[in-house]
Structure formats: C-alpha cells, structure tokens
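Below you'll find the structure, written out as structure tokens, and then a few comments.
Should a chain be cited, it is by its letter among A, B and C, assigned in written order, with residues numbered from 1 in that chain.
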Amino acid sequence: MPAASIDVRGVSKIYNPGSQQPVKALDTVSLSIADNEFFTLLGPSGCGKTTLLRLIAGFEQVSGGEILLFGEEIAHLQPSQRSVNTVFQHYALFPHMSVAENVGFGLERLKKPKDEVVSTVKRMLSLVKMDHLADRRPSQLSGGQQQRVALARALAPSPKVLLLDEPLSALDLKLRQTMREELKQLQRETGITFVFVTHDQDEALAMSDRIAVMSEGHIQQIGSPTEIYEHPVNQFVADFIGDSNFLDGEIIAIEDDIVTCKIGSESVFEAENSGNHAVGDQVTLFLRPEKISLTHSTDESTDNHRRGKVSNIVYLGNEAAYTVDMGDGISLMAQARPKEDGNLPFAIDDDIAVGYSNRALRVLAK
Amino acid sequence: MSKWLPKSAAARRWLGLTPAYVMIGIFMLVPISIMAVYSFLEPNPYGGVLPEPSVAAYVKLFLEYDLEDNLVFNPGYINIIFRSFQLSIMATVICLVMGFPVAYYITLQPENKRNIYIYLITIPFWTNLLIRTFAWIIILGRGGVIETPLLNLGIIDDSLKMMYTDGAIAIGLTYSYLPLMVLPIYASLEKLDFRLLEAASDLYSSRFQIMTKVVIPLCKPGIVAGCILVFIPCIGAFIAPNLLGGGKKLMLGSLVQFQFASARNWPFGSALSMLLLSAVVVALIFYARSARKKEYIQGTA
Amino acid sequence: MTERDLKSSNMAKAKALPVGHYRGLGVWNFFFMVFLYAPIAVLIFYSFNANRMVINWTGFGVEWYIKAFNNEDIQDAVWNSLIVAFVATGVATTIATIGALILARGGNFKGKTASLGLMMLPLMVPEIVTAVAVLIFFATIGLNWGLGNVIIAHITFCIPFAFMPIRARLEGMDTTMEQAARDLYASEWETFRYITVPMLMPGIVAGAMLSFVISLDDFIITLMVGGAGSTTLPVYIYSMIRRGLTPEINAVSTLLLLFSVAIVTAYWFVSKKSNTKTVH
C-alpha cells in the first residue's frame, strides 16, 4: 500500500464544549487517504464534512484523536505551516487584490523570488484558463471564473494536499459538469491528493477514486464509487446514493449463497447472500430500480419473474419511472425507456411482468 | 510587531482596550461622577464648590428663601423643567408626524432614488447645528423672510413677534433633529416585507387598516428608536432655546449652561445635569424594553 | 394584482394605486425637503447681501466673504478648529480601530458588553452634560492646557463616531478571508497587514470622516471647556451672532457648511463603494 498522505485516527470534534449546547460534529472518525488520490467526503448537510476539512487545514483543533500528514502529527502546526491548501466554499478571494495578486499571495508569503512568483502565477492562470483576466478584481468575475481563480490560488504554492469544500455548489448545472471534468483532469495532471467535499452524489461518483459516505458525524462507508453504489453496507448509504427499493422481511432459509426471505404476509424473495446472516434475522432487501426489467410478457432470461400492476408513472424524458404494485402490500420502483415513437411502453393499471436477476437483490443488515 | 505584543489573548485584549477605557473612563465617567458629588456640595460664590455637604441644590429646584428667610415654594425652575419636557415632547411628536410619511415614501422608491433621498436627509444632520438654528433667526426674526413680504403686502401691519416664543423653540428643535426621526423609521420600514401588505389587502383590509394593522405595528421599533433619538437631544438642547428663545424662554440645557457660565452655582448646575441624565436613562430603559419586546416577537415568529 | 383590485380600479376609473401606496405622499415628501433645505438656502442667499444687516436685503455682493477671509480672528478660529479636528480624529480613530478589532474579532470575553457600552457612552449622554462634567473635571484637577483641553474632550466624544462604521465593517467581513490567508502561509501579522487592514480601510476612512465632521461642528462642549485663546470656528460664529447679525456670519457659515457637506459626500461615496465591494 502506498504511503498515506492523510491519516485521520479516531478524530472527534465537539463545538462549544462545556457550554449549554455542545455540538458533536465528528465522532471518532478514522480514514486514510492515499497519496495522489481523489478522495471525496459525501454526506447530507450538517454531517461534519466541512468540520473534517477544517481540522485537516488547521482552522479548528481536534477534541480527540489525531491527524497525520505524511506520517507526521500536525496538531501543533498553524494553518500557515501545513503544506495543505484549501479551496473555500465561497472561494474567499481577497476582494482588494487583482486575480494575479490573489494567486501570487501564497508564493509571496513563502518568500519565493519575484520572478518565480510571476512565472508560477502565469502558469497557474493558464492552467485554469484565466490568463486573460489576470488584472481583474474578483468582483468583476463570474462565479465560474472566481472558482478557477480560487483553484489556481490554492494550487500555486504546490501543496501536497488540496482541500476543496463544495467548490462547485455555487455554479449552474452545465458549468458544474464542465468543471467536474476539468477538476478531475487537473488532479490527474498535478498528482496532488484532492480531498473533495460535496453533498452531490453524482459529483462524487463521477470524480472520485474513493468516497467516504458520512452521516451525523460518523463514517458510514468508505469505498470506490462502484463499491459504494453496488454494495452499500447499510440502508443509509443505499438510500443516499441513487434510487433504491427496500423490502423489510425475515430470513426463512439460507442455501449456499442464496438467502430466502419472507416479505409482507406471504411473499417470498430470494436474494444474494452478502454476509453472515442466520435464519430468523430481520433484514432489509435492496434492489436498484435499473436492475429490474419490465416487460409485457414474462422475460425468461431473468432469474426471477413476477407479475404486478402499474400504479404510478413519472415521465422523466429519457425514461419513465414506474411504480408497480406487486400485491401483498409490496410495491417496486422500476424504469423503462420510452418506445422509439416516444410513447411510453406501459400505462396505468397494465398488468406487466417484473424480472430481475438473483444477484441484483441484496441483503442489508439491519 | 507581533513580537513585542503580549502572548496571551486576554492580555492583548486588555492592552488594546486600555486607550478607550482611559479616554472615556477618565474624561467621561469620572467627570460625571465628580459632577454627581458636586451636586451635593455648597456653592462657592466665586465659582466652584465649598467642601461642605448639602442638599441645597436639590431643594432649590422647588423652594427658595423669601425676604424673611422663610422657605417658600418657587415654581420658577419647575416651570422651566416642565417647559423642557413639554417642548421636547412637542418637537418629538411633530418630527414623527412629519417624518413617518417621508420615511414611508422613501421606502416605496426604487433603490437609487432611495439612496439619494437618504443622502438628502443626512446632509443637514451632519452640518453645523448652530448655523442651521441661526438660519431660523433670519426666517422668523423681526423683518425676516416671513414678516417682510407680509408687511409689504399689507397683510399685517405690525411684527408677528415670532422670535423668543415657545413656538420658535419648538420649530428650532424639530428642525434640528428631524433626520434622527426619519432614519431609524426608514431602517425598519426598509426591512418590511411588502408582500405582507398585499396579504392584508387580499384579506379585505382598507388602505387605512393596512397602515394601522400591519405597517405601523411592524415598524414600531423604528418609531420608538426615532422618538428616543429626537427626545434625548431635545431635552438637553442649548442652542435652540438660547438663540430662538432669546435666553428668556429657558430650557433645562440652557439653564445648566447658565449656572456655569453666569450664575456660578456649580452645585445647582450639577443637580440640574443629574436630573437631565436621569431623564435620559429613563428614556433609554424604555427603549431597551421595547427593543427586547421586538426580539421576543421576532423570536417566536 | 388580485381580482378585487382590478374591480376597484375599474370602478375608480383613475388608475388604482398599488397596494401600500398612498395619495399625497410625494407632495408631503416634497414639502418636507423644502422645510429641510429652505433655511439653508436662505442662509446662503443672505450671505450675498450687500447690506450691513443680514435681514435688510439691499443688493448682491460678495464683500462679506472678502471681509470674512481677511478677519484675523476668523483665521485663528479656523486654525484652532482644524488642529482640534485633525488631532481628535487621528487619536479617536486609532483608539476606535483597535477597540473595534478586539470587540468584533477577539471572541467572547467577560466584560465585552460593558466595553461596548463604554465605547458608545459619549453618544448617549446629552452634550450639555458632557460639557459641564468635563468643565468641572478640568477645573477640579487644575488642568489648563488651553486647546489641549478641547482636544481631549473632542477625542472622547469622537470615539463612538469613529467606532461605529469600523465595527459595522468588521461585522460584515467574515473571517474566511483571514483563514484563506493563513492557509496560504501568511503569518498572523502578515494576515493583519495584507488582509484585515486593507479590507477594513473603508470603515476606518468612514469613521475618520465622521469624527472629523463631528469635531469640526461641535459647539457646546468647546464653548464650555475651551478658555480664551482656544476659540474654534463655531464658538466664534456664536459670539458673532451675539454681537449682531451681519452677513459676515452667513458668509462664514456658508463656507463651514460647504466644507462639511463635501466631507459627508466623500464619506457617502466611500461607504457606497465599500458596500458594493464586499459583494462577491
């Protein structure tokens, strides 16, 4: 395993300790980020992402645990002594300085020679395609341009780690998608470790090498985008990332790698055995809508086929989301593409076939 | 620089605040405390005080010695105090009546116009009070801007004698502190959500009811602030009663000044100042309480 | 517009006022402005009166301006006013800046509210009370520095005026800029020097301008505290008014007025500019 660039060991953070309302923002969080990795912290608002980032940057002190930067404990270091730079949530560009002055600020503080400052600023600005606006003030830039300047400013001192706190959240959808690719490419080119904070799951899946899903100050799961999406460890992760069907039930039989569960009063579903389960366990089964195939007549190529009745349709343009009533109080969400003439394949109250493979249905521990 | 500053945050804090403490503490708090002490001493006829405790200064507010050395009731000072309150309240009410519609009107204007109006209203406030009051002598005085055309046209045939009246003082006070009424009312109206008025109108309120049931209750903190800001300088005013009242119609402020400049009765002047200060404190407490009420309303909303 | 509004507008024939608008407000506002500015206009107008008496208009002339310029007492008074205003502004603004930095950025500490109250105290005490209290104080301790006494009093009451815009500016400035600087390897002192001070500058300039105008315009405190030889321009104008109303008073007043208006206008632009700058 390559050397970890950041090691977070059992870190807790309590705001306003000893006051009337202490806030436990992080609870014994541990994670290890490899060098050159694009690592994303993903989670709903208020789960402690920014807090973790600020602890790494040095704007806050840990309440417990320790943080190592390339194997070195950093608690005693000022933010200005850490070779870590931050792209702030709302950029925090210095309003009284030009774009070039902003980008050169860190280099000057590091007492780099004048000509080196000038050339690095130039290089950074062309890297983010902002060289033509070097003399502007931040207030004269668009949101996307400010974003690029913030990026150039943080990259200019060539930090070993770049911390980015929802850098794309203030941009509109199109720009966000462009910047996503640019950021990813930048990371690949510079080889700097990126710690990226977002609450946008698409962003996380599209850019990251690994993702840590957080909730209420805890880490729920760490893994590659496919691991997180395909093998969520619990219902929170499965629910937070992508759409899911959840079926609550009880295991009635286990055979090799197939688990048989009773859902509702009499329905029986078979699912892939994902771990240590025993007969009688209360479990939640989980099935991604796109793993379900909807057909008029039974599709023999799937492992499981059932029948249901369309109870609701939401038209989304490139596809339609169907809610299918399976009887016994169970309903499943699934997707289908419109036909070539643009019409939808099924209508409300149609009796249709629902198919999925055994491996698509998984057991989540309670 | 950071090298020779003390290390601990607390020490730095107190070091930084010391100049302010020294200036305001020594040259404001201490003098007021000394003044409070002086109000309980005997006057020195040549100015200053004699170090003998006495409540004579406060007694003097109500009583005086007649020719036979008996203490009798003297309404003179009470009248001046009464007039001070009367004129200050009058000026405050006039300011409110004049200023509220203007503040409201400004709120209705587009942003750039609003800024211009606010600028126009602040300008007189920042210009010299003495000069602005002096201008009213030219307007109200004998043979002044108002009288002369009326005399020439034969509408009146004698001076209107507008100067040296309570009315002249009231106008002077109103004019002096009018901006202090408009600005806080405007500040609170500016935050008012105009959709509330539309909602009220949608719920069958007349224009009058919209004003009395929605606008005025919601900007009450601004109105109270404006009234306090006008009332406090009015009650201690010196220039308006001095120039427009001609030293005959005294108010508390000019009475205080008189005790130090001419009458040389420092204890009595100090006692009057203490009276003034307590009026201000009462007004400020009133204001603080209404401000707290506002917080309460906003907190529950 | 609601349906009801439409109906009533049809009935009233004339276009209905939008909700929240009232008839006559514009006219009221107009007369208000006239009331506010007419006295100032009259004052300026009569400064060009050729007559010896202010009130008897006999013809246009600028001789009173010339007379005022050549009046040595006025020159002395102007000097005194400027010296007092410059020194008081410099000291008060420095004190207020440090105070505001500590009160807005020093975190919570015991005595913070009391310190804030103390800073604002000179605003709450009526001027005449301040004036006599300081007079008593100087007399009691026997301090007799002439203009120095006046300067000390001015510093004291200028502090809150300098303090208010600086503090307002600091509260509008969030600490992320400073954090960003620290992140980019700036030391504490460099952060203060390159980020805090430049960003605070508009507030400092505004505070200094306000103190300057306030000091320049002060009359009652200077009248009571200042002895012979420390006559400032407003005090001199007051003595002129007592002696008799000549257009020379108007001429001097007009000049002082224009000077104040110029400063306040400059202040207006500074604060406007700083407001638009903070938006990002």
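Simple rule for what comes next: contacts are C-beta pairs under 8 Å (C-beta built on N, C-alpha and C of every residue); 3 or more make two chains touch, one makes a residue touch a chain.
Because the structure is a prediction, the values reported are computed rather than measured.
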Per-chain Cα mean versus the mean over all protein Cα atoms: which chain has them closest together?
C
Please name the chain that ends up farthest from chain A once chain centres are defined by their CA atoms averaged.
B
CA centroids of chain B and chain C: separation to the nearest Å works out as 17
Please compute the C-alpha centroid of chain A, do the same for chain B, then give the distance between them in whole Å.
61
Which integer distance in Å separates the CA centroid of chain A from that of chain C?
54
Which positions in chain C touch two or more other chains at once?
187
Tell me, which parts of chain A touch chain C in their complex?
57-59, 78-81, 84-86, 88, 90-96, 105-106, 109-110, 138-139, 146, 153-154, 157
Residue ranges of chain C in contact with chain B within the complex
2, 4-5, 19-22, 25-26, 28-29, 32-33, 35-40, 42-43, 46, 54-56, 94-96, 98-99, 101-103, 106-107, 109, 115, 118-119, 121-122, 124-137, 139-140, 152-153, 155-156, 159, 187-189, 213, 217, 219-220, 224, 234, 237-238, 241, 245, 249-250, 253, 256-257, 260-261, 263-265, 268, 272
Mind listing the chain B positions that touch chain C in their complex?
1-2, 9-10, 12-13, 16-17, 19-21, 23-25, 27-32, 34-35, 38, 48, 98-99, 101-102, 104-106, 108, 115, 117, 119-124, 126-132, 134-139, 141-145, 148, 175, 178, 194, 197-198, 201-202, 207, 210-211, 215, 232-233, 235-239, 243, 253, 256-257, 260-261, 266, 269-270, 273, 276-277, 280, 284
Interface residues, chain C side, partner chain A - complex
176-177, 179-187, 190, 194-195, 198-199, 201, 276-280
